[in-house]
Amino acid sequence: MEQYLFRMPVDEGLNLVAPTTTEKLAAAIFNLVDGDWEHLGRYLPWVEKTTSVQDELNFLKMMAQQQIEGKTYLFVIEFENQIVGTIDLHFINPTNGRAEIGYWLSSAYTGKGIMTRCVKKVAAYGFKMLELNRIDIYCDVENVASAEVAKRAGFDFLATQPDAERYHDDFHDMQQYVLLRRNFMEG
Amino acid sequence: MEQYLFRMPVDEGLNLVAPTTTEKLAAAIFNLVDGDWEHLGRYLPWVEKTTSVQDELNFLKMMAQQQIEGKTYLFVIEFENQIVGTIDLHFINPTNGRAEIGYWLSSAYTGKGIMTRCVKKVAAYGFKMLELNRIDIYCDVENVASAEVAKRAGFDFLATQPDAERYHDDFHDMQQYVLLRRNFMEG
Amino acid sequence: MEQYLFRMPVDEGLNLVAPTTTEKLAAAIFNLVDGDWEHLGRYLPWVEKTTSVQDELNFLKMMAQQQIEGKTYLFVIEFENQIVGTIDLHFINPTNGRAEIGYWLSSAYTGKGIMTRCVKKVAAYGFKMLELNRIDIYCDVENVASAEVAKRAGFDFLATQPDAERYHDDFHDMQQYVLLRRNFMEG
Amino acid sequence: MEQYLFRMPVDEGLNLVAPTTTEKLAAAIFNLVDGDWEHLGRYLPWVEKTTSVQDELNFLKMMAQQQIEGKTYLFVIEFENQIVGTIDLHFINPTNGRAEIGYWLSSAYTGKGIMTRCVKKVAAYGFKMLELNRIDIYCDVENVASAEVAKRAGFDFLATQPDAERYHDDFHDMQQYVLLRRNFMEG
Amino acid sequence: MEQYLFRMPVDEGLNLVAPTTTEKLAAAIFNLVDGDWEHLGRYLPWVEKTTSVQDELNFLKMMAQQQIEGKTYLFVIEFENQIVGTIDLHFINPTNGRAEIGYWLSSAYTGKGIMTRCVKKVAAYGFKMLELNRIDIYCDVENVASAEVAKRAGFDFLATQPDAERYHDDFHDMQQYVLLRRNFMEG
Amino acid sequence: MEQYLFRMPVDEGLNLVAPTTTEKLAAAIFNLVDGDWEHLGRYLPWVEKTTSVQDELNFLKMMAQQQIEGKTYLFVIEFENQIVGTIDLHFINPTNGRAEIGYWLSSAYTGKGIMTRCVKKVAAYGFKMLELNRIDIYCDVENVASAEVAKRAGFDFLATQPDAERYHDDFHDMQQYVLLRRNFMEG
């Protein structure tokens, strides 16, 4: 499959891959999630609802549909020829020039700075290609690793949002990080 | 028209009215907005796009559609038998138990505590009828009157959101107020 | 729930309530129907198909949808703080200025003139708010109580329509009552 | 065009033709209506809104759509190789086994018993093919010719419906004729 | 049912019948297919998926829908008062003036020249009524009878299309026959 | 824009780019077409209908929509950092395992073997990623350059299709080239 993927290079060995709505790609992502549900499921409520390749394919189609409408951009992360996670721009609002970034990474690939570099690239994509003015990142207050990514990627802590999301039958406070176009420095 | 409206009493002389998607009600609201555009238009970007009764009727229909889907509840404010503004719950998210409240009042009726009482009533509606857990209010940092309403209605200031909205060709910082179900006291 | 309903007063202790598409209201109506199926089911073919709160909620949503399009107006009847039945304007045809009224009442509340007063109010709503010119009521020839309501509300008998409806596996003759705007006297 | 039409014979020289949604047939019908608007427009409100072949084609497509859903059957009337009018079953309600018949005939072909024979054929189609139990015909109280057709085709007068339709800016009383399956005699 | 069908005569005893989307017609066609699946199923992949009258009715509705849009015309073949098969124009492309003809005949009626005459009639319908410029027929290279029909109806062999269709879990070569408007001679 | 594109390398200096439905990419393609209409318009009927960036953007959205449904895959051709044309798989039919390839190249880049290499790559994509069994290429009999591409990419001439397409008010014969999976050799 590798030679038939569309890639946008991030840096040495790291690429963002354009998701095709094919069963092949859906299977590759599903297998990654399925083998890592303890790590991923902790802060990602959708993990426990993704129980088949078809679920993942339906998700890819929904995201592709939203991309046509300019609401969401999904990118698959490839590191050293392996698919290792995804990152996306969502809640894109052209009127206000805003969006949010979301991401997840297989537990086998954490600690290498992969996500920080991807967040920088996707933020640049938002500011340059989509002409956004502000991008937010939300992460569970207990998800220290995710917060570190946001900070290293240049996002500023703004506020702790109380009871921001409900999952696993409980309300969770979320840290809100913000990057304004005028504070964004490429490179 | 008065005897054919559905009302929910707030207190002495103050009612919330259920919006019907009739030309009669659309005309009453449009006339109120149309005669007060300087006051209302300053912080409400939709005012300058509402140029006919038909625009208002289309808006009422869109809101009624969203109410069926459980996303938005719109209420018309009636004070001493006059329609004087509207208030709504929007961005209703049952998964997270969240929503936002938005409102506007004719300039002829400010300074009487009308909106504070309406916000309390609508917040109660959200917590009791819709089983929400958290309600937010956003207001332009320059809109002191709106912020006072939020505070008097029991909402707590959480953060100033930079460049939160773009209107009148400029980005505007917004103050964010939050009321959690556990901090809400009825009465 | 009572303090969060929208009401239009009919007279002493009697209100029309605006139906919200909430599970709470759907449950209240379903329980009323479910406990009274022998009385209600005799002339109302939909009763035996309404077997859950979800059925009733779907019905309320369908009616709300038709109300946005101006085809149907549904009202819930509240008597002495109890929900006791519903009344509606349906088959609304603005070109011809026509509609029909339909209604049902819990068996525990018959014989008090509740429905006659409601029909008068809803007819007034149709002539005044919706600018109708003619309203019809149809009732099974064996449903004497329903015919009495139509007559007491000022409707005139026009014709017996043979084999007008099929329900309970049989054709039923229906009495047709008509009220023209010029014969309608408010009060 | 004649050799590419689908026909159902009524009797000597008289056929019902299945309407195709082709420009050719739309043009043939439009020309017939367009040359006879004084006669046809008096009791048919749609005549003055049919101002082009495209209008007629859109109408044929709408009717074909309703036929797929089983709501309406439209038939074109051909007499001595000329298209001379149309007849239809509409408001088809399979639950109640009911429908209405509507028709119009070019002024050049009235007085020959054409429509009476067509109504009998279409009524038979409704009772036999569609298993209807009752068919109604409505005609303006001033439209004596149309009432004569209904009577000669075996329909019984039931009632005069006051202010039944609004057209030409006025309300019109309509005579209602009814034929029950048990009173229908073929032949 | 016979007296309520719309027919276009082909020649002595042979008619094309306009398909109505009625259960009666669906049942007549389904029974014909169902009793002849060995003969019909060999080259028609849809036969094994048509397992009920409802399947056939859904097919008739889909074809009627496509006819409204001008993409497909379906005709039922009647020979000596029996329904014996169908023939259709499909893939109608007005821009290029092209379409394809497809057909099947009950095994009890082969060898009588029925289909050749029907193909000629339907081709004439396409060239005259729909103003086509070219019509194609494809048949499995093993389906000699079908190829004979195409040739006798005046179509010219153009090419053998390798692996043109996949059915019964195998790829099948198809012969392609073509008739251009300029080579078509009526009669 | 270059650093925010998704690429699939073909060979030295030559890439296929994943089309995003952004105004930026639409403008780049539109400008290429708009400056080369004499060359491109001769055999591509859509060129004269593409008169604005919005037309091109709508086309990209339509193609993205069809890609989600698996009917069409569009690729933008980039040579030495310039967008120089597009190539696509269309009429994808998974049941029969078939599709067609279409392509166009800016006149400034012909004669370099660019398209032959792209066709090979896209054919490989179809056989490997989409599991096709057969791919066709059609070109106007006068378009010798296009036919040469097909042949050099390994496609076999099958037939000349008479009056295959109508454009510029005339019917055009098309050469049909075919590549079967079993004849396809990668590399």
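Which chain is which? They are A, B, C, D, E and F, in the order written, and residues in each are numbered from 1.
We adopt the following convention: a contact is a pair of C-beta atoms (placed from the backbone, for glycine too) under 8 Å apart; a residue touches a chain by one contact, two chains touch by 3 or more.
Since this is a predicted model, take the numbers as computed values, not measurements.
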Statement: Shared touch partners for chain C + chain E come out as D
Task: Can you spot which option in C-D, B-C or D-E is basically A-B again, with over half of the contact pairs the same by residue number?
output: C-D
- request: Taking each chain's centre as the mean of its C-alpha atoms, give the chain farthest from chain A.
  value: D
Farthest chain (mean CA position) relative to chain F: C
Message: Please tell me whether the contact surfaces of chain B and chain C are same or different in residue numbering, using the over-half criterion.
response: same
- line: Taking each chain's mean CA coordinate, chain A and chain F are separated, in whole Å, by 32
- line: Rounded to the nearest Å, the gap separating the Cα centres of chain B and chain D is 53
Field: Where chain F touches two or more other chains at once, by residue number
entry: none
Message: How are the chains arranged in terms of who touches whom: line, ring, star, complete or other?
response: ring
Statement: Counting only contacts in the complex, chain B reaches chain A at residues 95-98, 133-134, 158-159, 161-166, 171, 176, 178, 180
- prompt: In their shared complex, at which residues does chain E touch chain D?
  reply: 1, 3-8, 16-18, 20-22, 24, 61, 64-65, 67-68, 70, 124-125, 128-130
